[in-house]
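So that you can tell them apart, the chains are marked A, B, C, D and E in the order they are listed, and the count of residues begins at 1 in each.
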């Protein structure tokens, strides 16, 4: 049955060496799979044409003196000089960072907490999930107004509590330039943490139930189980949520417009609003695109090392 | 002829006013295709995108001012010089408006209304209760504040959005500083105007106003702010004449429950308004529809009817305003004296400058620790960069 | 005082009962092996003891404590899972030490225990790897290590060795036995389907089937005196031979008879004496059958031929056949006999078992 | 024509090489068993054959085809995974029929094949359950079933029986063997760490370690003439005894000597003749040692005492000890000898193995 | 060594302790859990509560009262108006006008973008192709650029292809802008699935698409729910893209909502605004509720041991 084979294992390599002369065995490391290429073609087109195209176009316009409509002259870095002399833009960048850190952290913590608690086989899971998620469904144009009312010292909570007898109660986050940003964070968290919850819940539902058993026998407290075992395990979901939140931070616009219009003063201005205002309201496409370019570069500066480490260099899935 | 019109008049009162144009246009044999998009920015963005995308509407709304200048320069608009010359528009409308609707000497837009931007609305009952007379000057306003506050009311209701703050500042500038200073600053872009005594005084008054508004101001819309006056929680608000709509909706009449005043010795009225422009087209039928629209909108009957509902003043000086409310009549009266007319900033300054100045005003207004000097310095910077 | 006492426990998944009023007592320091076919509920029972599955009915006591509703961590058990259940994003070292760290054990102590367990399981070189970088067997060893480092009164093992190679299995089996001896008070409950493991490790073996315990006895008794047909067939590899026949008493003494073959039962220890004439199943293990080549012995069963010879390393399994009847015989050596050879077989009645074919019970 | 031919294949995970220029040829219809310690790369090799891991270097041929870069589905292989890998959202029935449905097999045919496989594996009653509702062993059976229903030229099994109980394991082992006989042209490659499986199933066994194949030979040769120390120690359970000593030639004939114990090597078949005086390791399996109680035989190794007796069902392992030297002896019966008894042992030189302790190679 | 099985009858008579069901364990932890969940629910419901109250009040009460005051004369007029008669421009048909337009945009956009995202994520996770990850990185970076920057070039592109102002155009735009997030979502989800499953399917003869459709998609329900939630919300609440790309005939409901809510100088009817917002949110809300039940437990159970 196995006549081809000699008993001496020493002979095998010799024989095979002859069969595959050096060099011919070396091949492309990966197989080309037409269906994969076919499946990824739409993405390639979109990336190439839309995303890269629009980014290049944006950068190009930022070196022009375009006002309401694009023109294609060249003014060098004038727009950037102007941009970085602009107090509002600098405040916007700073706000984005502060808001981003607080908002992402709060959403992740609250979302994770809610996901974990909902995962404890609670009653009315579906109802609670929907309650936590519903803010995401409503347009911020009006829910922002509800928040604004609620936070307004003359209309909302402060007045209600004072009328109830606590005269010294003070809750006027929106009215104070120092705290208005926190009010935005609050409303942002209200809107987005439900989404984080469902994303993480999707991750939690994929965790091997035996792990929970092992942890319970090991005497690992539930919080520790979730923190040390589940959290790393749903890492990809957390990354997903963080990226989504980060996108929301960078694009943050509706929330600000609905609640503070950037005020009081310029206390809650954000870069996206700066871009929007200059692109449309103030008819200064050049400056607007310069601001957008700065946003893009900032994002890339933060993102590139991470993207590279994660997706760029290796062929396969992250370990 | 079918005419598609993009505009941002979506609220009940606004569309009722618009209806006056529509019915007249349709009576003249046209078909009005309405594209209403709330929010000036949204509507303009959509309109410009459609022009760029080769799917232009027949007409689209702009604010009176220099917003569409560039579109015209790009050859994307049809002029309506023929209609305007035929109708003798240049003689009928305020001079600042003529400039604002012209590009390269030709008229490109049809102005439809004049909005007074600096009306002081006050609640008569509240003022009476506090024992103060309706203010005549900005110093009056500041002086009345103490008494009103003592009566447990908000002296001065102010909304917390940059444009509202700008409106207030410009009202102080025109009222306290005078039309001349206003003109030097915005139309002539004269940075030296910042060094004048008058401007210092304006900055000072505006700064002092910060102290008499309520805590709930930041972020508040103008409607809610007006409601404070309507319901008697606040004594005064400075707003454009569109605020009359809120009083009207609450069943109040000018001169009775509330009053309106132009604060400042010189009674300057800041005027702005809306125009319609006509995107370029080769289609003869569209071209005809555009001219017909221009004609209809500018017609005296349409002007009266439209502005009556809209709460604004007709652009034509040759129409009878006796049927309009007290505030409007007062406005029309002021309008008859060109010296008292002050064009809204958008008519004279670039959007860019307006925006840059907005940023400075809102910072000053909202930062109690910022003094007038700092304000002037920032103002200068803004003018130097954006002007 | 029983260390673990399971009393009338019933468990069902949905409407499907898995355990039905099952009771078992395990003495302190005892090594109990649960043996049973796949899906009979062994893992379920173990999980219930650990507190990982709520019982529907019944109670579980550890010593004097009723732990039926106690949290797993309060029960003082360590457990090795059939599916490893390693913490995926932790290194092996962290996997081992996590429980200890939770219990606020001293650092030095943790290190010492981890090192000892790692050495015992030969996984020192893997301590810094992640579970995903381990082979199946390596994972299983880490899972065992995780239980080893804990200082539990009761150890629960769910087929801990099933993914290991024979060598390692042997070594770990000895390690576990040694561990048990060292920790004299530790009770160990061990699920397996490996005969050798069951027989070598256990103080007592519980053979489970159909939601019930079929026999609970020391290994030798399980092996030599299976309580019923199921246990007889299930325990022992190669499998016990079964021959259908009748009990007769031609001259007073009972005799088993199948066709014209007979086996005198004088030496058989009856559990209960059957009526002569009743049907019976004779069970005899392959190693309790002798092969005669010469023809002298009259008691020998003749007329059989060698069908297949299966070499099994040290010895061989010889399948002897005559029509329907097939008997497997274990003979030393590699090719002890050629296929086709006629053989005569001698069965040892003292080591044989007799069962009632209807109820399956031992006679 | 070799059915499967792996040529100089190297595979690494990151920087860690797992297979290093490994070559192996499997004849058509052959049953090859891969045996090796945990983590030696058996699963990796199997995955490479299936096309699930891209090789870094080298080629894999199936018959005349170079399949190195072919898709798994085009290779015509069926595979059973060590980690089950059942489709969680499909019922057992759907799991089984998935591959057939992929191949557009007739409905009736699918049903028939599924029914046959289910019957074979005793999982008929589970056909409508989801994998999550099965016990470990049940899952493994479904995984086997999934391969069984397919009509592949090459079957790859990755420890398919490791979670099954002994009875089922025996049955399935026979089933697999029978399947292999029925499908005469089907090549089967089977990873296991079960000695019995390897020895009974294989046409040839490949013992792997350290990225290489240590010995590739029929089971009997692996068992009786292990090529090196590793194979000797790894194959066979209980483990081979090893005794360190020297080769001497006191009177011309070679003799193995450890301390004052000797073994004449006249009957030993040398692979290569060692120089007298060189060190050697003697390996002898427990079943190739005889125990003498009386004192006549001069060749016997004396001075040993029985240390432990491990009953293993049919026979027992007797650990005999003298100081450092420990020899395990396999004896029939349950308690063949009492611990503490003095014994004299006779070793069979013809069945023993000698190794060079330095290189580990067989002498 | 203790004796054998204790029979149940012995035990029953002994009656050592009361047997029975697990005591209802309303432990401190459990109470805390529900307390937290409930207070979180309150936090989340608060703005909705304000909106509901407001939408039930006539304008008069809104002008006079506080936002927390219960409506004195609750009325559904605002709701009726918001749905059917509020004016947006010249048409006074409330937000109902754009409803079907929104649905026509929503359905293909969501289906296409979720499928494409799943396909991309699947390809990226399981079928490495040189350069694919670079593409994905660019895509992801692009997601951080504000939409508005894309508007102008996209308008030019679309009009040159002739799909500007059409249903196909708006659907395509949603697919384009949904792609980064959808891809990310699925890519990361598939990265956490056991690879053995994929291997098994490949050996079973599945090709690229069969494995995707028959093995991976059925396992993806939780993430599909998330993806659908994200896309439905995004597409349904989108205003600026619909306005720019959908064309007059396909304007989505949000344009009406915006017209009602956002008129700058007109009088604002807060009760109608609130009602309109809630009404607009009904579709996503319903979808959250319906899809939520696909969130079942334990997708990986039984798939892998390690």
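Heads up, the rule we're going with is that a contact is a pair of C-beta atoms (placed from the backbone, for glycine too) under 8 Å apart; a residue touches a chain by one contact, two chains touch by 3 or more.
These numbers come from a predicted model, not from an experiment.
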> What is the chain whose Cα centroid lies farthest from the Cα centroid of chain C?
Replying inline: B
>> Once every inter-chain C-beta contact is counted, which two chains account for the most?
In response: A-E
> Between chain B and chain D, what's the gap in Å when you average each chain's C-alpha atoms?
Replying inline: 91
> At what distance in angstrom does the C-alpha mean of chain D lie from that of chain C?
Replying inline: 22
> How many angstrom lie between the CA centroids of chain A and chain E, rounded to a whole number?
Replying inline: 16
>> Counting only residues that touch at least two other chains, what does the list for chain B look like?
In response: 45, 52
>> Residues touching two or more other chains, restricted to chain A: which are they?
In response: 30, 33, 155, 208, 233, 235, 280
>> I need the residues of chain C touching at least two other chains; which ones are they?
In response: 83-84, 86, 88, 132-134, 136
> Of all residues in chain E, which touch chain D in the complex?
Replying inline: 194, 196-197, 199-207, 210, 214-215, 218-219, 298-306
> Of all residues in chain D, which touch chain C in the complex?
Replying inline: 13, 35-40, 43, 82-83, 133-138, 141, 159, 162-170, 193-196, 199-200, 219-220, 223-224, 233-234, 236-239, 285-287, 310-315, 330, 332, 334
>> Which residues of chain B touch chain E once you look at their complex with the stated criterion?
In response: 4, 7-15, 18-19, 22, 32-40, 42, 45-46, 49-50, 52-55, 221, 223, 227, 230-231, 240, 242, 245-246, 249-250
> Touching chain C in the complex: which residues of chain A?
Replying inline: 208, 210-211, 213-221, 224, 228-229, 232-233, 235, 319
> Which of the residues in chain C come into contact with chain A in the complex?
Replying inline: 47, 50-52, 71-73, 77-79, 81, 83-90, 98-99, 102-103, 130, 132-133, 146, 150, 156
